[in-house]
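Some notes on the structure that comes next.
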Amino acid sequence: MLAYLLLLVPLPPLGGFLLLALDPYRLDRRPVLALSLAAGIAPLVLFLPLAIAYFTGAVGDMIAPAFTLNFGQYEVALAMQLDPLSAIGASTVTVVASCVMIYAADYMSGARVADLRRFFALMNLFQAGMLSMVLAADSIVFFLGWELMGLCSFFLISYNMTSPRAFAAGQKAFVMTRIADAALLAGLLLLFLEATSVRMDELIPAGLAAEESRAAIIAVLLLVGALGKSAQLPFQTWLPTAMAGPTPVSALLHSATMVAAGAVLLARFAPLIEATPGVAAATAIAGVATALFGALCAIAQTDVKRLLAYSSISQIGYMLLAVGMGAPGVAMAHFVIHAFFKSLLFMAAGVLSHAGGGSTAIEKLRGTAYVAPISFATYTVGAAALAGFPILSAGWWSKEAILGAAVEAGPFGQFLWLVALGGAALTGVYAYRPVLCALRKPLHDAPKGHESWLAVAPLIFLAIMSVLGGYLVEPIIHEMGGHAPHAGLGIEVMGALAAITGLIGSVAVTFIPSWNARIKRARRLRAGMQMDAIYYAFLVRPYRRIVRLLSGRDGRLGKHIGEGPEAQEGGMGDPVGTATVVFGLWLARVVTAPFMPDRFDTVIMRGAREAQRAGLWTRRLQSGRLRDYALGFALGLGVLVILGWGMTWG
Amino acid sequence: MTALNILLVLSAGLFLAGLFGVAARRTLLMQLISLEVMLAGPALGFIAAGAHHGSIEGSAMFILVLGLAAAEVALGLAIYLHMRRATGGDSDAATRLRG
Amino acid sequence: MSWGLAIWAATVAFGAAILAVTRPSAVHALLLLLAALISLGVGFFAMAANFAGAIQLLIYAGAVVAVFVFVVMTIDAGDEAMAAERELLRHAWRWPALIVGLSVVPVIFGIGGGAMGEGDPAPALASDLGLLMFGDWSAATELITLLLIAGMLGVRHLGRKLGPRLRERNPE
Amino acid sequence: MTDGSIWSVAPLVLLGLAAILAMVLAPIQPTPRVRIAAALPMALAVIILLARLGAPEAPVSMLLADDGMARLGSALAAAAGLGILSFTRTICTGREGPALVAIAAAGGVALASANHGATLFLGLELTTLPMVALALMPRTEAAVEAGYKLFLIAGVGAGALLMGLVFGFGASGSLRLDAWSVDGPVAAIGLAFVLVGLSVKFALVPFHMWSPDLFAGAPAPVGAIAGSISKVAVAIAALRIGLSLPAPEIWTLGLLLAGGAAVILGNLAALRQDNLLRMLGYSSIAHSGYIALVLSVGGELMGETVLVYVASYAPAIVAAFAVAGLMGTGTRLEDLRGLAWSRPLAGVALGVALLSMAGLPPAVGFVAKIYLFSTLAGEAAWGPLVIAAIGSALGFAYYLRFAVRIFTAPRQPAPRATLNRADAVAMAASIALLITLGLYPEPLTSLVAASLP
Amino acid sequence: MGLSLQILLPFFGGLAVLFAPRFGRDYERYGTIAVMALTLLVLIFSALNGDSGRWLQLVQADWAPSFGIQVLLAMDGLSAAMLAISSILGIVCVFISWEVTHRSAMYHAVICWTVAAANGVFLAFDLLVFAFFWELMIIPAFLLIGLWGHGNREHAAMKFLVFNAVAGLGLLAAVFWMGATAPEITFDAFVLSEAGYSTPVQVILLLGFALAFMVKLPVPPFHAWLPDAHTQAPTAGSILLAGLLLKTGAYGLFRFPPLLFPEGLMAVAPYGMALGAFGVVYGAILACGQVDAKRLIAYTSIAHMSIVLMGVCGGVHFALAGAGVEMIAHAFSSSALFLLIGALQHRTGTRDLRELGGLQKTAPAFATSFAVFFAAALAMPGTANFLGEALVITGMFQVNWAFAAIALVSLVVSVVYATRLIGAIVFGKPKSETAVFEDLKPYELWPIIALGAGTIVFGLFPQVLIGWLRPAIDAALLPLGVGAP
């Protein structure tokens, strides 16, 4: 019976979305805010008792079937389930979503009612999508949630309708994530063909039982799906530009939930990844490489949101490293902790930038520490967790767990551990830059602005979680069936040293003018190693040239088709289509010219002229003179009589 | 070469003479006269064949031919009188309808 | 029943016909036509088709040609008309002669040579003709009367003074 | 006169009565009433003929046959006459119009049931002379000229037919069509002459020259008679000759040459015609050509094809001429623009008639075309098949040229002209006939199959 | 009896509607709706109490025995779905052309006749009658584009006519040849299916049929008529064209090749799938390059229908089910998009994407409905389009992975053109044309809601739809001897 409660969890946000989007009752500002908050927080209210009951063992794993489909002889049962992964994921999502909803209620209060309604509708839809993905017991609901998140991210990134930059960012995000979704869909469908059923608990064993090459392909496809959605290395360019969206969106989607969905996916299908060693290694390498890449780029950022974006990329890199090392539990632990402190950082940065005159540049944040002390304090706690400040911050525990898991995974793991350690140090450098900047004196006018308690409350809660979260790491790992890695005192000391050097580096970079100038000059690094420009040059521009070539916009193909709309500028080219028309015209002219009763009148006139000449000849015959008619008669008579007579000779 | 053969050849001759007349002569009157000559041909032919075969149908057909000739004369002359006013009796001038 | 006389009469008629058709003057043509028809009548008598001969002489040669003469008299076919006619005829007869000649050859040899099958020649009695015309051939008699009526209707309309409406439709 | 034969001669008698009645009443009564007086006996004749279609044969005299072909032909001729009566207006055909049309119908009936030389000759002449007389009625110069041309050529044709009968009579001793022996040269030449006589009336090339001028010059009823009554009757007479004689070479070869030439010349000449009536004239030559090709090819389907073709052509040409009569003889292509909108019934009637003549699906012409092509293909007569195909392709071009013009939007909205009731009835009847038979050809095909031996 | 009503009712309804304006204003519109609704009711009634065998309903009566033509109408799940769509789209057309006043009686009559002809195609199983309705269908569409279109409509209507008429010849030739060579002249599809032609003969006949279906589908290279026809057609014309005429091509491919030429189909299937794959990519790429909104959607239709072609040629249960679902989904989504673009053009007078924009601000209802069908256009899960494409991809995975990959590429490219479309129309600052823009009127909103509901309901609960198509799919698979893998 309790299982059906599970089905109810994603329904309130869905209902909220419908009410807000279709807006049957023409709600005003206050009811809209109230409804959004209610719909946003309801899943937390519904799911928490279930989660607590589950974690305390009061209720075991359960599956709530929604309805069944049959394709021919296949029975396809859609359902939701409660198991360690979904419990942890769902609880994190609901908690973070509620915080962001409350924060957004204050942050977005300046918008028009219509925009507000649209914003909260999409946020609720997103939460429904994420929850249904996490709780899904079968691949169809999973993919439904997965794609729904992609759609909402597109609309939310381009929330600011009038700015073309926002729309471009949204489009780029949607296209890149869609490439990954296509790979994921392929993987899921292949799995479905293997298992002839959609249920996760049947897909995974079937995937394991599949023969070598197919299992490898499926694993690679799933990995690509994860990389795309979580903006890992090959697909990472869309996340920084996605910062064009409002801060709550960044806080919810592009830090805690959607971007980390890749990690949840890999954790869900971890057995498949581990079954094929090559793919596991690839995941780990991709993770570490992205972590390093993200950290490096973050250092050079001048905008706090882009900095945090790159930091999300690198943190998720760590999660992938954990999964690669065969410890999905550790990855999920870091997912939880990361969700807390990353959303905290985004929201705090939002308040600070509001206080610092609205721009998110780090320079503009100078002196905001004194204007918005609480949010500055919470930001500092978040930064500490991000940098993995030893013992005190939750980030340290989850990062240690990951590094420990890497060390335990053998010689290859130790090498990755070393790289990850460097990454951790770099993380420390960029994590504290905004904090230190905010502490410095304002250049000229002192920043004013205030902190409303509505915005600050979630920050405080998240700050607490960022500190106390460390205690959650052990239980999460055990819940997920992994064992907490104890890599010995030396490794932990090395970790702490890395964090400390990070802090020192950050202080140095901020306050030593020469280092600070070098960071400002690192333009290539700031632009994410120009990966964006490279993609544009090698992928987007050739594609645009093909499209223009085929659609005839460069006019070359369009002109010679002759009359009709083909010749006008714009989207008419379509070589294959016009090829058929040209062939048809040629055929008509050659074969059926005189009989084509059709608009191609040039053809008709030529055909008609021959018939006309013959017609004229016959009409001249009809001279009108009676004597000629009589002559014609006599001629006919003569011919027939001669023939008649001739016939009888035989 | 029985008598009937000769007579039939002569009746064909009459017919062809009439046909020549219609084809060659331009004035309406002469064309009408040639028409009468043409109809005289079959008259002779029917009577000759009827006599040769001893069947009365020849004479009967002769009477029918006669009836036709009479009707044609009437109509022909009426048309001739009417057209004389417009085209002066010349059949070649009457070419309003052509092409 | 003397076939010789019949053939002789037919040849005379043929000669007269040829001359009638080629004379420029209408009056000469008319007279020659009359001669041809009369000689045909004699031929019919020679072939013992007395009733047909009588009809030929009385109606065909008499009444029909009489109408022609009457019409020719009303129009003054003077000599300048004859000159114009001769002019018109001179260079117009070559083609018709050739084309009509086409069918003369097969007629002469085809009909001339064709086997006619021996028939039992018998005089065509008027009584048999009457029996046939109003017995088996009653339908044909009815139809020939209808034909004459049609001709009469046409002539009567052409002869009538134009009604008011018709006159305004064609003013001439 | 067994009782059966009374019914077999009744149609001819009724038509004669109609002619006489119309002639008598012409000077006294106004023409519409005269038309009704002529129409009633005709309608009765049609009904009797259709009723007796299945009845046993009862020939009234040796001159008139009474088999299925004769009855169907007579019915079509009489029905066509009825249709033509509806648009013989006093303005163009004088007070004597109805009488002449009745006579022509009687001639058609006689010719359709002629199995003897006399009725063949009389039937042929009875359809021609009324046409000449009718052509003269408007007394305009063009009409009289057309009448004269028809008069002379038809006279010459009649002379040729008579010579043919003379030779046949001379050779075989009897004037009955089925008694001809075809072996000697005399009979062959005789048959050639008869073929020439019939071809003149059938307007096959090179004897067709009177037809376009007559259609263009003379008033509408004359063209209608030439197109429907005379074509139907001559086709059936030719069919009867073709069926009774054992396949003489001259007959089939003559028809093949004349027919093929007619199809090609008729269609080509009609291609660039702008005058509606002249185009109909040339296209009627072409349709005679198609029938002649079928007659020349023979085969067991020949009878059915001729009857179906004729039955489908007659209503179409009558409808076309009803509309042409309404719009005057000089109607050019341009005058037809937007006819469907200014005169809906007339526009649709002409449109459907043209579609049927072109042989397009919704109208019965399509069925006739199927029969035509299946006969030609069935007998593997590739020459005529190719000629017929080219002909009908050309036919599409000029028929559709006129048909499309009718349905295009008029430049300036022409006033809605009112039709008199008789015209409206005739047009509506022909549309209904053409479309229903086109969509559901079963009654026509079974009727034709029943009427053939 | 119910079946023949499906054809006769709209036909005679059309005739009645012609004279409806005499009785009062807008009577022709109510008349058409009544006719369509009645047809739908009759359909539902005859579908519900249809017998459980292969065919829900079967009507057999001879029409012209001397030519071997008979009235043979049969309906199963697939044709029932198609008939339902045609009636629904008929009603939608009437709603959205509420402001068409130029010769509106004839306009509504033509709509009825298009539906009648399409119903004829969906029901006829006598090949000649099928070919007859197939040719008949072109005429009302030609009139719709030719008379009520805008811009260069004669050219477009003529191009449409020539393409479809010439293609129809292929079908006619094949049908006549089959009918003539059959032992006794008959065009009955069931009798002919046992005629046992040899494989090469089957391939040739199949090409004849396929030519007609592929031009109507349309699949490159026979698609040149679609963009012109759509850009010049009135809104109702576009909807009937996209929603109905394209489906007859798909229905034809779904029904006749497997029934009549199984071996021929198996021989040709790989090439068919390759052509479909090419069509998917080609249509999608061209859609990205379009400047005119309707042209863009026309090219997306080409891409979607190429997926249907791939599905039908797949010969596997999933592929055929996917093709069936995609057909119906595309009917809903493309009709709705055309409706919206039509409404847009009606208000702003232009379809050029460069001059539109910013509708979110001025017309939120329009923007929201556009968003729903934007999701459908890029096959977002939860819409029927996704289900169709996913099934086809699954089928392709079973047959050939390359084609599956290409179909996946179409998923990605569809995002590019879909975002380009919504970006140009909904996003951005309102330009001069779209500054004053009154929102969707009720008579435009209700059809949108109906079509949206159709897409979403079938997307989330496809059970109803797939159940309906099962018998048709199994029948299509039987002769291929493939059965359920």
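Letters A, B, C, D and E mark the chains in the order given here, with residues in each chain numbered from 1 onward.
We take it that a contact is a pair of C-beta atoms (placed from the backbone, for glycine too) under 8 Å apart; a residue touches a chain by one contact, two chains touch by 3 or more.
These figures come from a predicted structure and were not determined experimentally.
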| item | value |
| --- | --- |
| Separation of chain E from chain B in steps, with touching chains one step apart | 2 |
| Chain labels contacting chain B and also chain C | A, D |
| Joint neighbours of chain D and chain C, given as chain labels | A, B |
| Closest chain to global C-alpha mean, per-chain Cα centroids | E |
| Dominant chain pairing [most C-beta pairs in contact] | B-C |
| Centroid comparison with chain C (C-alpha atoms), farthest chain | A |
| Inter-centroid spacing, chain C versus chain A (mean Cα positions, whole Å) | 108 |
| Computed distance of Cα centres, chain E from chain C, in Å | 77 |
| For chain A paired with chain E, centre-to-centre distance based on mean C-alpha positions, whole Å | 33 |
| Where chain A and chain B are represented by their mean Cα positions, the distance between them in whole Å | 103 |
| Contacts with two or more other chains, residues of chain C listed in rising order | 92, 95-96, 99-100, 103, 106-107, 109-111, 113-114, 116, 119, 137, 140, 144, 147, 150-151, 154, 158, 172 |
| For chain E, residues that touch 2 or more chains besides their own | none |
| Set of chain B residues in contact with two or more other chains | 4, 8, 11-12, 18-20, 22-24, 26, 31, 48, 50, 52-53, 57-58, 60, 64, 68, 71-72, 75, 78-79, 82, 86, 91, 94, 96-99 |
| Chains that touch, pairwise | A-B, A-C, A-D, A-E, B-C, B-D, C-D, D-E |
| Chain C residues touching chain B - in the complex, by the definition given at the top | 1, 3-4, 6-7, 10-11, 13-14, 17-18, 20-21, 26, 29-30, 33, 36-37, 40, 43-44, 47-49, 51-52, 55-56, 59-60, 63-65, 67-68, 71-72, 75, 77, 85, 88-89, 92-93, 95-97, 99-100, 103-104, 107-108, 111-114, 116, 118-125, 128-129, 132-133, 137, 140, 144, 147-148, 150-152, 154-155, 158-159, 172 |
| Chain B residues within the chain D interface of the complex | 4, 8, 11-12, 15, 18-19, 22, 28, 31, 35, 38-39, 41-42, 45-46, 48-50, 52-53, 55, 57-58, 60-61, 64-65, 68, 71-72, 75-76, 78-79, 82-83, 86, 91, 94, 96-99 |
| In the complex with chain A, residue positions of chain E that touch it | 151-152, 154-156, 158-159, 161-163, 166, 220-224, 227-228, 231, 282, 285-286, 288-292, 295-296, 317-318, 321, 352, 358, 360-361, 364, 368, 371, 375, 378, 380-382, 386, 390-391, 393-394, 397-398, 404-405, 408-409, 411-412, 415-416, 419-420, 423, 426-429, 461-463, 466-467, 470, 473-474, 484 |
| List of chain C residues in touch with chain A within their complex | 92, 95-96, 99-100, 102-103, 105-107, 109-110 |
| Residue ranges of chain A in contact with chain B within the complex | 619, 622-627, 630-631, 633-634, 637 |
